[in-house]
Amino acid sequence: MNPVIEYRAVCKNYGSFVALRDVSFSVSKGEVVCLIGPSGSGKSTLLRCTNGLEQISGGAILLDGAPLPQTRAGMRAVRQRMGMVFQNFELFPHRSVFANVMMGPLTVLRMDHAAARARAEALLDKVGLADKAASMPAALSGGQQQRVAIARALAMEPAVMLFDEPTSALDPETIGEVLSVMKRLADEGMTMIVVTHEMTFARRVADRVVVFERGGVLLEQGPPRQIFDAPLMERTRDFLSHLDWSG
Amino acid sequence: MNFEWSIIWRSREALLEGTLTTVLLSVVTMTIAIAGGMLLALMRLSRWRALSASSAAFVEFFRNLPLILVVYWAFYVLPELTGWQLDAFSTGLVALSLNVSAYNAETFRAGIMSIRKGQGEAALTLGMSEVQAMWHVVLPQAVRRVVPVLASTWISLFKDTSLVSVIGVSELAHVSLEIRAQSFRVLEMLTAMAAIYWALGYPQAKLVDWINRRYGHTE
Amino acid sequence: MFDWDLSALEESWRFLLGGVGVTLGLSALTVATSLTLGIAVGVLRCYAGAWLRVPLTFYVDSMRAIPVLVVLVWMYFAFPLLTGVSAGPFWAALAALTVHVAAYVAEIVRAGIESVRPGQIRAALALGMSQPQLVMQVVLPQALVRMLPAIGSVVSVTIKDTAIAATIAVPEFMKRAETVAGQSYQPVQVYTAALVVYFLILFPTTRLIDRIHARVAHLGRS
């Protein structure tokens, strides 16, 4: 099966600082890939490069077999096919929940109002927040805001969803509601790349886990059972055991 | 010393006209300067070096000049250099607009810069162009945040319109000073002028305080 | 094309330069008196009883409402008529500018004082400090550093405001430029030169204050 996204020897430097070094792997349609590793290992940078918020310094990122375009207009078209969810939600605080979800379809897809409305209603229902449509984002809990952010990204009907530490800024009691929305999305067959520190989620939902280490190096990858129960690399074992201590 | 306060009542029509001119000048200047300041702020934040440098030069230049000198300059020099023959009101309007646009540009720039980078990125991620992200996401938030500063600038502008009296624009200060010169009722007219400015400006200052409390502390 | 005949400037540059001296002198004096008065008013507005707070607030808000030109003209022409005391344009300008700028300083001081975290005050009280000790040793030092950028703008506002003193014939730079422009019939050259001179005074001043602030900003954090 052809990969939806393919990373070929991706490098990213900030001056002399190396954020990503020769990273290669691919993501197939319908696959859920979790990126794990210590902070500063380049996982988030890789996501930001994937939808063009940062430019890669070397190698190539392919979407459906074609390298990411270099032009602004081309990159815009690509971004419309990738949804992104941020650590800090980044809902638009000046617009209602409903308007947040409709904004993409209305301004980017130029969808007519009734259709955008119907789509937003369906998505808010899907993330369990139909009753919050009229609220302003500030009135919502962190978990609710993140679920709105997921609905907002889904409103563009993306082929791939990118999650950048979606639960890191949440209170412990609201993490579960976000993860269960993500799990449902995975069960429906959405292609997902998830940067996360939630190892239970990675173990239960991921089809594949990719482990990064400091310096932006891909350490190893494999199905969750292999990574968590029988990692090939000693350093993976180290990383996971330290997590257990802290958690 | 005998004073004759009735001069103020007898001059009421002229004073009222002067007051209206002051208000009109303030309103028109602010309208121009909000558009001008926004344009300058967007130029300043543009990727194109030439645009951003020329905006920075304009803003720094006019923020570092006494307004009264800009008024004189617009009156004596601008017509010579450009060939435009403007009436006093328009000349004053030009000088005030240059000055207030420069201040508003800094206000808007600070407002835009204060919006988290992630907001613009979230908009880009939805597939918006940079112009759409600025227009639909960043600017609406920035404008809300700068309302208190714009309100203070309005108060300053309202007072600064008195400076165009030096080129003979018949606003409140000029009218008052003229009546003083004709009637020799110096203390009466100068006090009346101060009192009228106070009566107009004091509630505005209080309103600005209210706006600051209302909008100043939100995220 | 405009003929840039610079003879007026060549003839009068000494006279104009003397005006720059008056501008700077009047500015320095005004800043000194305004800071003194303004800090006093600002502190008293925060800590004095209502009998003093109310009139001080009224004074500050009135100055926010009345143009500096109006204060200058009133101080020079009307004040002597009312009191019989007449001191010449320079001193009238100093008095008027001080009354005006001090109100502005007082607002800055009040905002600075209010920005000091309540925890700092509780900590000082916990050490057994008296109210004046607390203000002088804990609140004001932090507030003043934090206020420095705003104080910097007081300096540049004052220099700009002294130009308005030209309207009551203080022989500062603006007034002298006006005189030379009128007598020489070369307003274009003279006013353009004045523009450049004021910019050369004000731009480095604001830059310098920003620089100083960047260097001491850490002292104001708590």
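Which chain is which? They are A, B and C, in the order written, and residues in each are numbered from 1.
The criterion applied here is as follows: contacts are C-beta pairs under 8 Å (C-beta built on N, C-alpha and C of every residue); 3 or more make two chains touch, one makes a residue touch a chain.
Small disclaimer: the values here were computed from a predicted structure and weren't measured.
The chains other than chain A, grouped by which ones touch each other, come out as one piece.
Among all pairs of chains, B-C has the largest number of C-beta pairs in contact. Comparing mean CA positions across the assembly, the chain most remote from chain C is A.
Here the spacing of chain A and chain B, counted between their Cα centres, is 47 Å. Averaging Cα coordinates per chain places chain B and chain C 20 Å apart. Centre-to-centre separation of chain A and chain C, using mean CA positions: 54 Å.
In chain C, there is no position where the chain touches two or more neighbouring chains simultaneously. Per the touch definition, chain B reaches chain A in the complex via residues 116, 118-119, 121-130, 132, 136-137, 140-141, 144, 219. Against chain B, in their complex, chain A makes its touches with residues 51-53, 72, 76-77, 79-80, 82-84, 86, 88, 90-94, 103-104, 107-108, 138, 152-153, 156. Residues of chain B touching chain C in their complex: 1, 60-61, 63-70, 72-73, 76-77, 80-81, 155, 159-160, 162-163, 165-166, 173, 177, 180, 186-187, 190-191, 193-194, 197-198, 200-202, 204-206.
Those residues of chain C that touch chain B in the shared complex are 2, 61-62, 64-71, 73-74, 77-78, 81-82, 156, 159-164, 166-167, 174, 177-178, 181, 187-188, 191-192, 194-195, 198-199, 202-203, 206.
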